[in-house]
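As written, the chains take the letters A, B, C and D, and residue 1 is the first residue of each chain.
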């Protein structure tokens, strides 16, 4: 009998925090894409490309494209006949796999929804279990004990191997850990926050003690901040897109879109962000990479980041993303300092002791 | 047998978080004053005045005036023959009762220093116990379990009734609570942060979930931010003190002093702060109070604040401070909104749930 | 109703440590043989012979012959229609059922691989559960708590009855026991180390306190140290095989093979070992047994050994092995002392107390 | 009031494992000296010199000179009026403060002897508490739970701040930790083993996982192996002392003394050790230090060593010892490799994972 050759793709794998699970440093997320924008066929092509590039971690959520994202990913896994143990599949519960208005009990972090939500996710994925189930945002109306117990229920029921959080605060993660310890239950091992050159506070500041104290791992999203860090708005001057762009003369429509991305109808800090991104271009040029690759590699220089979740609506994008790994050793302390000076948002660590 | 009439001073008392301990809404702290600037006699007068005004909570630390503050307060308590149970006495360990360089093991939150430090404080105070012992700043080089156990030791040894923290982060407080729960030990019940109209982030933001979840109480310091909120710098224009002030023409010496108060040699945000304080004056005038009283009363409008610690180098200051209580019901939602607009630093609460 | 006569084979059964499980003192392992060298038919014959001789314990691992060993054993069990409860079947997880390079997550002691690995083993064995699942070597990159919890998961899921370790150190076994006790979980009950006349340190030295303190049982492998103790190299003189052997004049090829067995390319202590084995021959002769039988019986004189795992590529070997049981009572203290003198490696026990 | 100047002695302080207690890298032990050989006056002089050199850790045991060592140290502390919090005082229980034959219950690690033994030690030391109490050797006849509980009793009674072990095995330390965790009690934080260039197995091998896993600290004894590493036997040739030495022509008397030091009447490995020490001389010469200083500094290069306990019967010896600190940065990786080659006993670490 002949055994298959092990795949050697050059991919980098990292343990998820202090756990025994290894995830590819670059991963593929279903948000905004599969089940939504991209046709199923395109999603299949992207997943095939990801797998061939050595990506083993595929991130999902019950509410991505109202459940369609899980359906597409599940179909692809079946279609390609991949071995389950070679994959790390995640999903997230909180918002329900629904379109439009959310129904009572069909979201949140109650015992009812965590169990029912994950059950539905597994049906859509056509899988008996996920590797990681995340609490998609905190639900502050539910007692933490109920949430911690429910995640332990699904793990003990064989529906998931590990659990984590997404966009929780440091004190909430510590509260969950404390309750898990008190009750002899399994604590969360991973948090999924936004992290990129422009948004660093939580990962580098608020969470700074969680890495060593509780072994927190990170899978981060938005490495190019919805396109801004790719440099695609570098020709915007004073918040004004070029006359010949699709926004034409309508700088107001452009501003509205950018404000929406900032999560606030009055926040115009996107203008400042575009100016920062322009200044990063020479660094990318010097290193011989695109600004997107620079942005992605920069995230991975942080040793607390286990995996950077990327989106892809075309297989070529994944190839481009994975090239970012080659830049890692070019990001010397000097280059990192240069970037810090441009972004101006380096986080000062709390002193260990105040003498 | 006739019982003495209880003292009716008009003072407001609040429970310390969810604990059973009641503290006067306005309290007297020994920082920067007793054992330092003020002569012992003055300190005695202030304490007498405080007591007569119904203040029951006297705050101390081992390192205030290198231990002299505790000595003075202890003498006063003995001198006036006050009943111990009528008083709430606190102290804080971490920095040692030393002047200048700190010696090895004579500071920090090790078991050794917590026990030895509090033992020394009690000797200086001439008291068998304090009501509250605080961890004065975090010590991130010591395992949290060692610190939690040591505070429980001093409580179980009858040296303190409750323990709390000062200037800790939310995740550290939650970590301490989690460890206490896991080990069946007593958790901290109170945090002592800076809090005033100009510094709100921690109390209103970072700590927001700790009040209801773990019953955290607050004793806050710096209600007028080292004088700034009293309006005493209102005649400073563009960072320039008036020619006839004690800083004379030397605006540089003034700037240096203000920067030191901000805790940074390059931080010139004190200029912006003075401008804000100027704009608060009309509100104080309208309410018929001093700016200091407004600032103090404003802190107490926050129901999570159990007590505002004030300093006093003259008994009259205490009388002025306590008058702030009379303003409390004049601080209507409309007035509070007006203040928020001027300070521009109202904290947006995290959503309970993200729907 | 008449009950069938129990099989009386003369086999000796011992409890596995302090557990309630009984294993045959001599057992059959699939390493190096089934799925590998031996044809399936031969494997069937050996298993049949083993069963008829009263052997009830069949030892396996996911990585023996890359999973083929489990497949062959599973087929044999089905083929002969043996009653499941009459058998003690074990397997081991850690290295994956793969040949050559090991894939990410497909080995190690993470929750993911312990559950997925055992699931695959059970599929190959065509069994709903094994009696014992071992951690095949320690994985020091995974937190012990994750490993202890995962073995408890598979036990609670009905996939295994007991769990144990293989080639762990004493402090790691104690750490696992401590965590299991702290969390109210099931601790490991058995360790599988190498043990023979030439390799005694771990079983007699390092583990000496684990037998009574935590009730550790032992299933040992390599009783004749890959053939050396059988005396088959007794005609090697000064490390030089006889001219007419299959190594011919090539003493270098022989040395290379022996060094590989020692686990080190530079270790020539096999020469010394052969000299020791030569000196053991008169003892075997005096007792009227082969050197292999002497070596095997010697292992079983250690009351902490529950079962000695033997390999067999021909049914006759099993018959020879089981004859070793008859020698047990001939191994008097005097004979054991004689052996100790020759091997020169008797372990001095740590004193119970130092007075 | 004037505060005393903090002492700046140039001494190096290290935390004891992961605890919050800091000990001087070089410490003074009472073994074999105080209460024994040295007159009280000499002991006082040595302790004064140690204190002046910045040594804060003084190590004792109930059985050193049958209790006289504690008596002398206690007198010195009182005599010099040192502040208790500036000192780290340890003692050890197990063998009783007796001369000659040991009485029943007056030794061992029973609850009775741990409490009674430490009580007596504190009386001899004239102190209310020690900082560290060690279990002086394991007592395998007492259940570990009884021992762990008794050490927690003395800590909770305020008789000690921390507890540790001396010459325990790794599995025993892990057993104690596991029981402490299970029962919510305080675990040992420090082990006191022998450690020097000639004896490395336990510290570098057996204990290798305890440092990071349980935060074990080390205070080590015998840095120059009872004089051997000082080079004072360098003129011994083939185990034969020079004719004009105090052993004269009697090489047998010398051999007897050396064998006794090895702890075995038949062990002649001291001959090999002397040959090794001779070869280390050129390294000491090159660095411009004595062989003793080299041996002491070498111990401190191991980051897991918190403090090296030295003996001194004359104050000058302490000055010589402390000079070893100046050599630390001269011990480059190259020099350390050179030493490893000469001693030939570098410990190979266990692999993290076996792939």
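Criterion: contacts are C-beta pairs under 8 Å (C-beta built on N, C-alpha and C of every residue); 3 or more make two chains touch, one makes a residue touch a chain.
As the structure is a computational prediction, the values presented were derived from the model and not from experiment.
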According to the touch definition, list the chains common to the neighbour sets of subunit C and subunit D.
none
What is the chain whose Cα centroid lies farthest from the Cα centroid of subunit A?
D
Find the geometric centre of each of subunit A and subunit C from their Cα atoms only, then give the gap between the two centres in Å, rounded to an integer.
46
Calculate how many whole Å lie between the centre of subunit A and the centre of subunit D, each centre taken as the average of the chain's C-alpha atoms.
51
Between subunit A and subunit B, the Cα-mean centres are separated in Å by 41
Whole-Å gap separating subunit B and subunit C, where each centre is the average of the chain's CA atoms
67
Indicate the residues of subunit B shared as contacts by at least two other chains.
102, 108, 139, 141, 182
Treating touching as the only link between chains, describe the layout with one word: line, ring, star, complete or other.
ring
Give every touching pair of chains, nothing left out.
A-B, A-C, B-D, C-D
Per the touch rule, the subunit B residues reaching subunit A in their complex are 94-95, 102, 107-108, 137-141, 144, 169-175, 177-179, 181-182, 206, 209-210, 213, 350-355
Of all residues in subunit D, which touch subunit B in the complex?
1, 3, 5-8, 13, 15, 18-22, 56, 84-86, 88, 131, 156, 158, 161-162, 184, 186, 215
Can you name the residues of subunit C that touch subunit A in the complex?
66, 68, 98-106, 108-113, 115-117, 120, 139, 141-143, 146-147, 149, 153, 156-157, 182-184
